[in-house]
Amino acid sequence: MTVSYSLEVANARFGGFSKLLFRWKGSIYRLLYKETLAFCGLYAFVSVFYRLLLAPRQQELFERVALYCDQFTNNNFIPVSFVLGFYVTLAFNRWWSQYMSFPLPDSLMMVVSGSVRGGDQRGRLLRRTLMRYANLSSVLILRSISTRVRKRFPSLEHMVDAGFMTAKDLEKLESLDSDFNKYWMPLAWFSQLAAQAREEGRVTSDVALKLLMEELNKYRAKCSLLFHYDWISIPLVYTQVVTVAVYSFFAFCLIGRQFLNPEKGYKDHKLDMYVPVFTLLQFFFYAGWLKVAELIINPFGEDDDDFETNQLIDRNIQVSMLAVDDMYQNLPPTVKDKHWG
Amino acid sequence: MTVSYSLEVANARFGGFSKLLFRWKGSIYRLLYKETLAFCGLYAFVSVFYRLLLAPRQQELFERVALYCDQFTNNNFIPVSFVLGFYVTLAFNRWWSQYMSFPLPDSLMMVVSGSVRGGDQRGRLLRRTLMRYANLSSVLILRSISTRVRKRFPSLEHMVDAGFMTAKDLEKLESLDSDFNKYWMPLAWFSQLAAQAREEGRVTSDVALKLLMEELNKYRAKCSLLFHYDWISIPLVYTQVVTVAVYSFFAFCLIGRQFLNPEKGYKDHKLDMYVPVFTLLQFFFYAGWLKVAELIINPFGEDDDDFETNQLIDRNIQVSMLAVDDMYQNLPPTVKDKHWG
Amino acid sequence: MTVSYSLEVANARFGGFSKLLFRWKGSIYRLLYKETLAFCGLYAFVSVFYRLLLAPRQQELFERVALYCDQFTNNNFIPVSFVLGFYVTLAFNRWWSQYMSFPLPDSLMMVVSGSVRGGDQRGRLLRRTLMRYANLSSVLILRSISTRVRKRFPSLEHMVDAGFMTAKDLEKLESLDSDFNKYWMPLAWFSQLAAQAREEGRVTSDVALKLLMEELNKYRAKCSLLFHYDWISIPLVYTQVVTVAVYSFFAFCLIGRQFLNPEKGYKDHKLDMYVPVFTLLQFFFYAGWLKVAELIINPFGEDDDDFETNQLIDRNIQVSMLAVDDMYQNLPPTVKDKHWG
Amino acid sequence: MTVSYSLEVANARFGGFSKLLFRWKGSIYRLLYKETLAFCGLYAFVSVFYRLLLAPRQQELFERVALYCDQFTNNNFIPVSFVLGFYVTLAFNRWWSQYMSFPLPDSLMMVVSGSVRGGDQRGRLLRRTLMRYANLSSVLILRSISTRVRKRFPSLEHMVDAGFMTAKDLEKLESLDSDFNKYWMPLAWFSQLAAQAREEGRVTSDVALKLLMEELNKYRAKCSLLFHYDWISIPLVYTQVVTVAVYSFFAFCLIGRQFLNPEKGYKDHKLDMYVPVFTLLQFFFYAGWLKVAELIINPFGEDDDDFETNQLIDRNIQVSMLAVDDMYQNLPPTVKDKHWG
Amino acid sequence: MTVSYSLEVANARFGGFSKLLFRWKGSIYRLLYKETLAFCGLYAFVSVFYRLLLAPRQQELFERVALYCDQFTNNNFIPVSFVLGFYVTLAFNRWWSQYMSFPLPDSLMMVVSGSVRGGDQRGRLLRRTLMRYANLSSVLILRSISTRVRKRFPSLEHMVDAGFMTAKDLEKLESLDSDFNKYWMPLAWFSQLAAQAREEGRVTSDVALKLLMEELNKYRAKCSLLFHYDWISIPLVYTQVVTVAVYSFFAFCLIGRQFLNPEKGYKDHKLDMYVPVFTLLQFFFYAGWLKVAELIINPFGEDDDDFETNQLIDRNIQVSMLAVDDMYQNLPPTVKDKHWG
């Protein structure tokens, strides 16, 4: 479920974002607690190993290795923050563009409602079918990219049951032979049906037909964009480089950030606190930043903060039918407004 | 209230931005003074605690902890500035995009005024009603995202009173059954009414009707964008990661930046100034930067610098009615200009 | 006056940008010399104070404070460069967008010239008046945001004198009651006049009228954008945070960068050069970077490098009248070109 | 082959991106293993040379040189991470823009199918030929920029064989004399054929013809963009500067990161691990980041992660013919949908 | 000449970008070798001066100054890399936008060829003249911004000779009185001629005329953008700040990076290598990065990597005439394609 918090931060008040910290749903804690536990476990294991299981001589070797590793984790050898900053910014821009590519039928339904005339059954049939095709197309594409939609419609028959297509539609769809995603086919039907409606005179002018085709193409372009965003990810090598950077950083932290025996007087090792507070904060921070990337790199999954695709699908079909059928020539009386002068 | 200062910085003069520093309204001081007081209080508390309440041995332990914390706050363990830079840039771009999505009726009113003909009552009624629907739609969406507009119109009846809709409009609106935001409905009425005006011959050509529909869709798209910007915030996890980074930084500063007894000769602790000037500056700087994010992450709140939604609503309805009614076929005489050659 | 230097850097030659360093007009030296003098004066004052006026014991205290401050200015406590980088990039993008929003009548005049037919007086009158309205609108908006244009036209009467409107236009404009900026009104007249020209048959088709309306809306959108860029500045708090960061940095430099007595053997204080060359360079660099922000944050002022609004206004009206009047049906004979095969 | 991994990261789970690390195809390991081996070999060579082949006195000289070099590689003398961050971001944006410029015939085929009427042979011929021209054009441009497409169609005759053009088309194409890329010519034929179809009455209105021309121009613009992205690369000097920075960094690492004899007590040389773990990680990280740039700077090559141009070409022609021929006036029966109320 | 290297980096192979390093044309070496020689010369001069010409006591003073300067160049006092990163990114985005603004006649010629009918002499004359005007306009604007085009056409008469305009055109152009760039005038003729062609019935519909005007305005907008990119450079002060930062950095390197007498045991001065390898690398890197900015800040010069304006002008006129004349109603026979089913 999308996690909205705009309302809570409407005003910049005392404490500000602090109230956002005490949430569980969609929170960084929920996403990160398993990793944190794993990291703590490993750290504790190494700690116990060093303190209790090693012979003094082995301890000394361990200490030298630890100091060596520590140098690595402190000296910015690998600029984890830098590469994360750039990577997350890229991912964020893609994430928002993907949301902006979500096909909403609103423009199309306005145009269908205004251009395909006739309050009789044929008129209603035309308008409803056109909008059904548009919605069908978006559901087809969403089914192929969103795990949630896939779960809702495990097969095309489920879409027939849900009323997105008729059994005949499905038959026709399956009769067409193509190795590639067929999401665009209902939109080709839309185009044909609109042309037919023009011939029948239901679409009253060539200009109106052009408007229908233009809006159709904008709608289709968004479906197509979703498909391509899914197909062409951020290059795998980039993701790997970033992941290896973060993971190796914390792998070395497991050794380098151990509290060495304060009695031995190693530099910056004057205090044994058992719990490596700063390292845990760093873990929370860097691993959290990487989690942001994981979360937004595919917003069509089932994370708390992923897009509400199913809800949007429901909204789209409901609103489409309302606009082109129930609200057709059904508007309040046109009367003088209050400020009529 | 929006805080404009363009005029004051029109010229790059001596001192430049310095004159902007002495303002209270919409200023960083106003936003931050409570946090600063809280931070100072906590710092003073720790300071008193360390100086007066601890036994010498406890003091020594405290000093070791403080030195440890100080190392953390100085060594760039968590790149607060880095993550703030990226985060605020993201938030800023969203902020401006949200403002750019504010639906202004200007294009629509030009087209309505130029395309819906007739100076008689029916003509006036059509033009005024069309523009009223457009304004109604934007107020509906703003009511759901802006706390200021919500306060102005706590219920839909208040919008009837303000003349944005008639009682009949409200009735019709409520008779339509939809679980989702209904802001688009008046625009569907617009579309129907425009089609009707075309049939009546008030809109003189199909081309003019197309233009009306195109501008309608641009207007609707902006309303829709506002809705989606409100629904899909910057992912909560990102905001949490940034907030935790800043807050934990200053939590450790409370301990690590204490002035330790200069007599003990700790490195970089040669001077006891009581007031941690630099830490306060850092606090002002980093917490201020975070405040910028808090301010702009939801520009539809009631901060000094949030958008003037109510003022814009007033402007939009006034200007709409002026353009399509008062100014209809009411233009100055077309005479030769001064440079007629 | 806009400072163009494209030609001088057309080729990447030896020395490259170095020739740009020896300029006064529009240069950083001109913008910054006052601040630099002030900074030098203050530095000299502190220096004299420390060297000559303090008792040895006070000197020692001063030295400790200076060392403390120096630590602050060296250790990147406040990432001045970082925040300036982000801030100036934001400001730069706004600056260019503002320039791109400058309303140029070129598209409109092409369309008016091609769509409003008739070489007789009525035709000329229509075309000239349409373009005059367009130019009038942009001058109205520029008057409200540009100090230069405001100086040129201190009152609306000055615009009548300059021929941008007739006395009748002004009367009509003032008769319309609106609390908000009225820049859009001449464009509403444009829309009415175009519709009238269509009725008279001067605009030969509905398609041509649509084209006129579309270009009108693009033009109007640019005027509107200018207005909104002026109204909604970069949030004041951001500007304040950046300014405070830079100013406080140099305030501490005044103390921390003093040359301490080399005989006392403080670390990094082996040499007394009297003139703090590096600090001055830093000042030049950071204060210069901030000046860039000051310069571009409002490009409608009177700085050397601000936009040439008055020149553009002259160009626009001249070119508009040329295109729709002098050049109307006045084109060279259409003859075979040189490569006719 | 494009490497898609969206599905695997749909949900932000425990471990997250870690599962992406164990892949070979399209992975950073595959791209980088040769370089890594070469670097290891050189390092080993220098190591053996220092340890075994040098006289004690030469060793000492070597050690001083190594310490000098080490200082360079540690002290951020050249900000490799910084310049890589900016460069890769530029390259990434170009990479995605190039993908977005890939000409897809979907909009065009919708319009052709809806505007060019007639189910008879002439109608089919017109629609198929129009779409064939569009596809031909994109293949011509792709042949000139993609090594994969060039391999598939080594000569234009291969395109005749594949059915993208007829022998007559090829003849005509070659008869036209131009020194520049001829990819646009089939689109000029498209324009002519569409005008002809309008004259024959197959395109039923001028408005429909305009729509065809508009979509044609959008399609052509994408072909043109691909050509220009190929012609104008990121300036060579930028690529050289980045490459020299990375290469020289690792050249100095070969010497500076050698393990010096721990007995000599050089600072930070207390431990001889033989294998320079951190340097290898740095190599992996920085060379990997540069590899990302190499991969995406020309996405029309034959890397694992380059665009699937041949597959897209197949998809485009298949889908085009389906839409304008098989699906022409071939839509499922228009019946009442399930929710008909 | 534009330097294309896309093909060489089509695949990410072993060594990758390394093959780009061995190029002279358009390379960083060619751009930078003079500066490098100058820098080496100055460094050598200072070195000889210090080693041979100074008395021991003066040497000691020099050494203290050098150590002081070195501190400056090492400690990131001025963040050269940071400011270069931001500045070059800005310049790069402008550079690409300028290229994208290059007016290409392709869209226009498609539309002219499809909309202006008639294979007879009048038809040819109209189409050729329209396209000639379009090309003339772009050459006029390029002449005023590109040194290469200016050299090719030192006067307008040269453009008459080259066939871009007739002597009559030039006469008319000069008879029109305007203080501003006249590049838009041939486009006003285009508009008039198109309107005339509509009246003659050569342009068969108002819709086609609208299409012509729309494409004309897109073309004109690009010419206009080129003009404004040339007029409004990146603010001079920004360029100066960046240049001063880089130049002063290397000025201090001349002193601070001298090899001091190792016998005196200064820190980090244990080795006298005579040639300051790292400083030279830094010079290459930073000065190279600045050169990138110099190269791309005006891409209409005569650098190796500047845009091929003259070649593009030739291409545009040739292709325009081909499309609207030779290829007019000259398309291959429309026959069944290979896959006709």
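For clarity, chains are labelled A, B, C, D and E in written order, and residue numbers in each chain start from 1.
Quick note on the criterion: contacts are C-beta pairs under 8 Å (C-beta built on N, C-alpha and C of every residue); 3 or more make two chains touch, one makes a residue touch a chain.
Keep in mind that what you see is a predicted model, and the values were worked out from it rather than measured.
Number of steps on the shortest path from subunit B to subunit E, with steps defined by chain touch: 2. Of all residue numbers seen at the subunit B-subunit C contact, under half occur in both copies; the interface is built from largely non-matching residues. Its C-alpha atoms fitted onto subunit D, subunit B is found rotated by 145°, rounded in steps of 5. Look at where the CA atoms of subunit A average out and do the same for subunit E: the two points lie 39 Å apart. The centroid of the Cα atoms in subunit A and the matching centroid in subunit D are 24 Å apart. Of all residues in subunit D, those touching 2 or more other chains are 31, 76, 82, 85, 89, 206-207, 210, 291, 295, listed in ascending order.
A ring topology is adopted by the chain contact network, closed into one cycle in which each chain touches exactly two others.
Starting at subunit D and proceeding toward subunit E, the closed ring of contacting chains reads D, E, C, B, A.
Against subunit B, the residues of subunit A that register as touching in their complex are 2-7, 9-12, 14-18, 20-21, 23, 26-28, 31, 74, 76, 81-82, 85, 88-89, 92, 95, 99, 104, 106-107, 109-111, 113-115, 117, 204-208, 210-211, 215, 268, 270-271, 273, 278, 281-282, 284-285, 288-289, 291-292, 295-296, 305, 307, 315, 318-319, 322-323, 326-341. Partner subunit C is touched in their complex by these residues of subunit E: 31, 34-35, 38, 64-65, 67-68, 71-72, 75-79, 82-83, 85-86, 89-90, 125-126, 128-129, 132, 145, 147, 162-163, 166, 168-169, 171-172, 176, 178-180, 184-185, 187-189, 191-196, 206-207, 209-210, 213-214, 216-217, 220-221, 224, 228, 230-233, 235-245, 247-248, 290-291, 293-295, 297-298, 300-303, 306, 321, 325.
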